[in-house]
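The following pair of complexes shares a single chain, chain A, combined with chain B in the former and chain C in the latter.
Presenting the complex of A and B:
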């Protein structure tokens, strides 16, 4: 009796470990094959990538700076994924956040920084939330699947940015792809000069991460979202407000994405540019998938992804490889995880 | 073509959908296959038509054993099936649908069009090759499918519940077509749970129950005998005391409910506090519509559902909940429980508390108490999908609020063993003695006769007056279910 009860306990962590590492090993293998196929020396590639991400203080700080918006978006997606929703519209929600931030800066250009910056963050969160809520309204009341609604809203958001940059918010005398006029310095979130990382932004994303972690784990609302995500019919019969909660999940995810948009404008670019989202929304979907929708895993996985993205940048110059290799590794990793999970389900 | 199925067994998991079934159908006859939902009719016919493979058993066509594994191969052997839900392609044209499944890479449309028109003319169907299938009525879609199967050389036509959802004139035409085809030597197998269809059309009928053949009879049919075969013999009944309170708990007046297939009008009945009301009827006769309307899950077209003087028609489901009405669905994992969540999470959700933060240690001890009280074989952290059917039903009962005004149940003991079933009823009887009114649907006539105080029988969109369970018999209920002796109600 004792041996039968201990055996599963022993094998379960081992199984878990195997299941967690197998996709990584497979992904590295596939990446290795790709690198060999394009005729690059694998060890040199690895070395350059590590250097590219962690070679000096500036690079290390850049990884953390990229980690901030990526984490904000991934954390927001935990809410929608928990409710069983694919919030592809997160890209547009980042963009709307950036637009909201820019609107606040343009409306109150001379407010002192301690007043202006919280207002900027608030405006960005509200704009992002509204855009997320819109995807939810389309889903809940219009019966438009959130993937299609979100994709459509992404294009509208990009169109809106371009209209603003080339129209009403264009630089005086010349409208260019380089974006709107730079923010005044009082709208810049302070960074640790000469590094490009803002301690306030890092703190903000950690706070948001903790709030979401706690909401999903310890609150009635989080439990209700989980029930909706697993079986919306049963959740409804149990008396849960399914529609209201889905809308709320969309809006709050949009708020997180909007904050990411604010970080993009107030820390990184100091203006609104056409590609303001840097693709962090789509990347965050991969992070959330890889984390199996668990908040504790989001921070480390987002860090690895940020490092992969930045680490592959020098490859272009130094090894004449395309810098999209980082993206390939990220994509292959997620594919492998999904394949291993699917395989496990079939075996069960 | 003569069709023989010998000793067919098909299991899904641990459930035997077909348990050593044998069936003989002669060429040129219309053979009925009768049974309640879940009796195994559709499974058997899907095996014959190549949709499923049997675990064991043989298919013999014209005295020759055959083997096939896909609908395409079955059709090559001359067997075609019309499924209950049409498996056609609504966005495509009638001609496209007619041509689908034709072999060959290049398909000449001109000759296919001629073939379609010829087949349709022969069957007296009016099929317009260029109209879209999405614009056709269900009856016309059936005609298209029949034409397609015949043009592809079907000698055996299987029709699965074809009269559900088509209009009366279309039904008349369908029956005429089938008789005409049988006269030409085609073999027709007609799957149904409707006695009137069998009486009108079939020469012989085989009755299935719980995956087994319970009998085969030829014309003339006795509706009573068929009902008894479908539902089983009534066991000697234990007389239970009828006791309920004088207070009328639920008043339903002139209620109209409808779904795509069926509409009921003028439904009126009362339920008193502590009364157990059973809804009997062949599945799909409207009892589920009325029950869902009473639970706030289906919006009534008009009429009144009054609880404590308050008319709930048009209100949101949550208002029904707040009034003390609870609904226990038949699909425990589909609508009742949330797969992936454990028992404590369920109990915490069902509390519907206003607490923002969950006290997990209290939730766990609450769920441990409930597990003990309701004798659930599971732990607070057991996922509900890992529980057995009986334990899932116990969990669902444990999730119900304590002081309910009205409890509505679909198939409360379906799929449960005898011990779990009698435990469930002990729980329900305890609730009724505290004044909860209970309405339940059951496909098991014995269950209805044993536990209900009064029975309302549903048949073809009509309801009977309440029949006191103590004064009735399987025969009387069976006749009502078959649509006989229906009063003006």
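Presenting the complex of A and C:
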């Protein structure tokens, strides 16, 4: 008798563990097959990836440095996803943030750093927010689905960047894909030399994370967003300003993405380059999906994803494999989580 | 005149990959399933199609391999969406990124390798007909197949019993089920069929129109195709028309680009996407109703039918088969 009543209790945490690890095991299996398919040695790939992400202090710091913009974007997406919105336009919102940051730097090039840097962040957040708001306006007033509106705006943002880099903001005498002229040193967010990570940027992303966490958990506004995401019609009937709140979610997510764009320019590249977003916007969508839209999970998941992205970089030189392997693993992992979740729902 | 004919002929040929893709997606969505993965699956299919044709030296194998890839990606969408009842948009988006990265990772050995291509095969007699001949019948097999696909898709959808059932499954699955249709099975079937067509479109890119393989070879076209399906109002002929219109605008753009060198080149690169937003804005806007109300009723109805389509009612939703 006793054993039958204990067994389910024992097996419940075990079940949970199995359900959590199953997608990871499946994803690793699929990745293994893909690696074998191209004739690469799996163990060497694993070793290089671990070294690439955690091999020395500089690389470990680089993972943290990549974690910052990824976390900022993922956290922003929690707002739009909570309201049931697919803000695919986040990629363009990062780009606009970077453009905004560069515009501020170009306008006040000789301002001292303590004045200039906050201004740069503010400008980037505003530019990103404006681009997010635009996707929202197209959705709310224009009836254009945010996936298509946002996607179109992404391509427009990239076109705008290229125009600026090759046109009005080109380096004197030569316009190249290497980007605009480097920022003056007073526009660099200080890093812990020789590491490329900025403590201020890490702090910024943690603060934003906390703000979003608490506003989604403990405020009326967070509840209103949830109501909209759950059922927009009943939210409207309950008297919630659905349109205004959706626009706000878009704009605030855009602001977070804009900050990520500012980090990309003031910490990582110190200039505006054509691929300034590094694809962190799309990647953040995966992070947000994997976190099931819970802020506490965003930080660790973004860390794993940042490590995967950076870990696969040396593969190109050392094993002649394309560095997109990191992206493949990330994609397979999220896909497996969705599939295992589906099975769970079915069994119930 | 000759230049115009040549221009039109090249538009017809260059649009053929998109024609396959938009008709494929129209079929899936008509059955109620959104395959959002197009930008990735089109690209992966283009890569695999080229790689298969390159390694075997056989174009047919290339096209078949691409269709299998397209169908497999669609199978994942169908399995996760229909059987496991997960969010189709989420699964599609994940697959978009995954297939894009997979095409880069697996396609490395084939980057900028000169490979096989579909050669022109003018149809005797027909290609001699003035004007129409050189535009429509002095093409390659892939382009002819795109014409046939349009006609077959239209007649299947609107003129056959199965076609009506396909629409029923996407519009009112409960009613279709009550009339004896196996909703889930039909949705699987048409999602896979649509995916295979998308895959064929991918191979049409790499083997016929945008030859070879390079990183992110067809980036953007999948999203354009998804937008054209909306623009086409989920009607295969209108969707195909949308694909040709897009092809024409692209050709026009590249010609204008060489004409007006003072205009920044980025404007032309961005134009298709700005246009996409604009078109969706016009076709979906409620303000249009207010404008149409000023027109005579018959005229308004015709305009409404031309520029506006209605999404299948059950698009993207789950159906619980009892």
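Everything that follows uses one rule, which is that the second predicted complex is superposed on the first by the 329 of 348 C-alpha atoms of A that agree within 3 Å, B and C clash if a C-alpha of one lies under 4 Å from a C-alpha of the other, contacts with A are read in each partner's own complex, and residues count from 1 in each chain.
Keep in mind that, in the parts below, a contact is a pair of C-beta atoms (placed from the backbone, for glycine too) under 8 Å apart; a residue touches a chain by one contact, two chains touch by 3 or more.
Remember, it's a predicted structure, so these values are computed and weren't measured experimentally.
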| item | value |
| --- | --- |
| Which of chain B and chain C A:138 touches, first, second, both or neither | second |
| First (chain B), second (chain C), both or neither touched by A:220 | first |
| Chain B versus chain C as contact partner of A:237, first or second or both or neither | first |
| Touching partner for A:42 - first (chain B), second (chain C), both, neither | neither |
| Chain touching more of chain A, residue-wise (chain B, chain C) | C |
| Of all residues in chain B, those that touch chain A in their complex | 297, 317-318, 321, 327, 329, 333-341, 345-346, 348-350, 352-353, 355-358, 360, 399 |
| Of all residues in chain A, those that touch chain B in their complex | 218-221, 223-224, 226-227, 230-231, 233-241 |
| Touching residues (chain side chain A, partner chain C) in the complex | 34, 37-38, 86, 88, 138, 142-145, 147-149, 151-156, 158-160, 162-163, 166-167, 282-283, 285-286, 289, 320-322, 324-325, 327-328, 330-332, 334-335, 338-339, 341-343, 345-346 |
| Interface residues, chain C side, partner chain A - complex | 36, 76, 79-80, 83-86, 89-91, 93-95, 97-98, 100-102, 104-108, 220, 223, 226-227, 230, 264, 266-267, 269-270, 272-274, 276-277, 280-281, 284-286 |
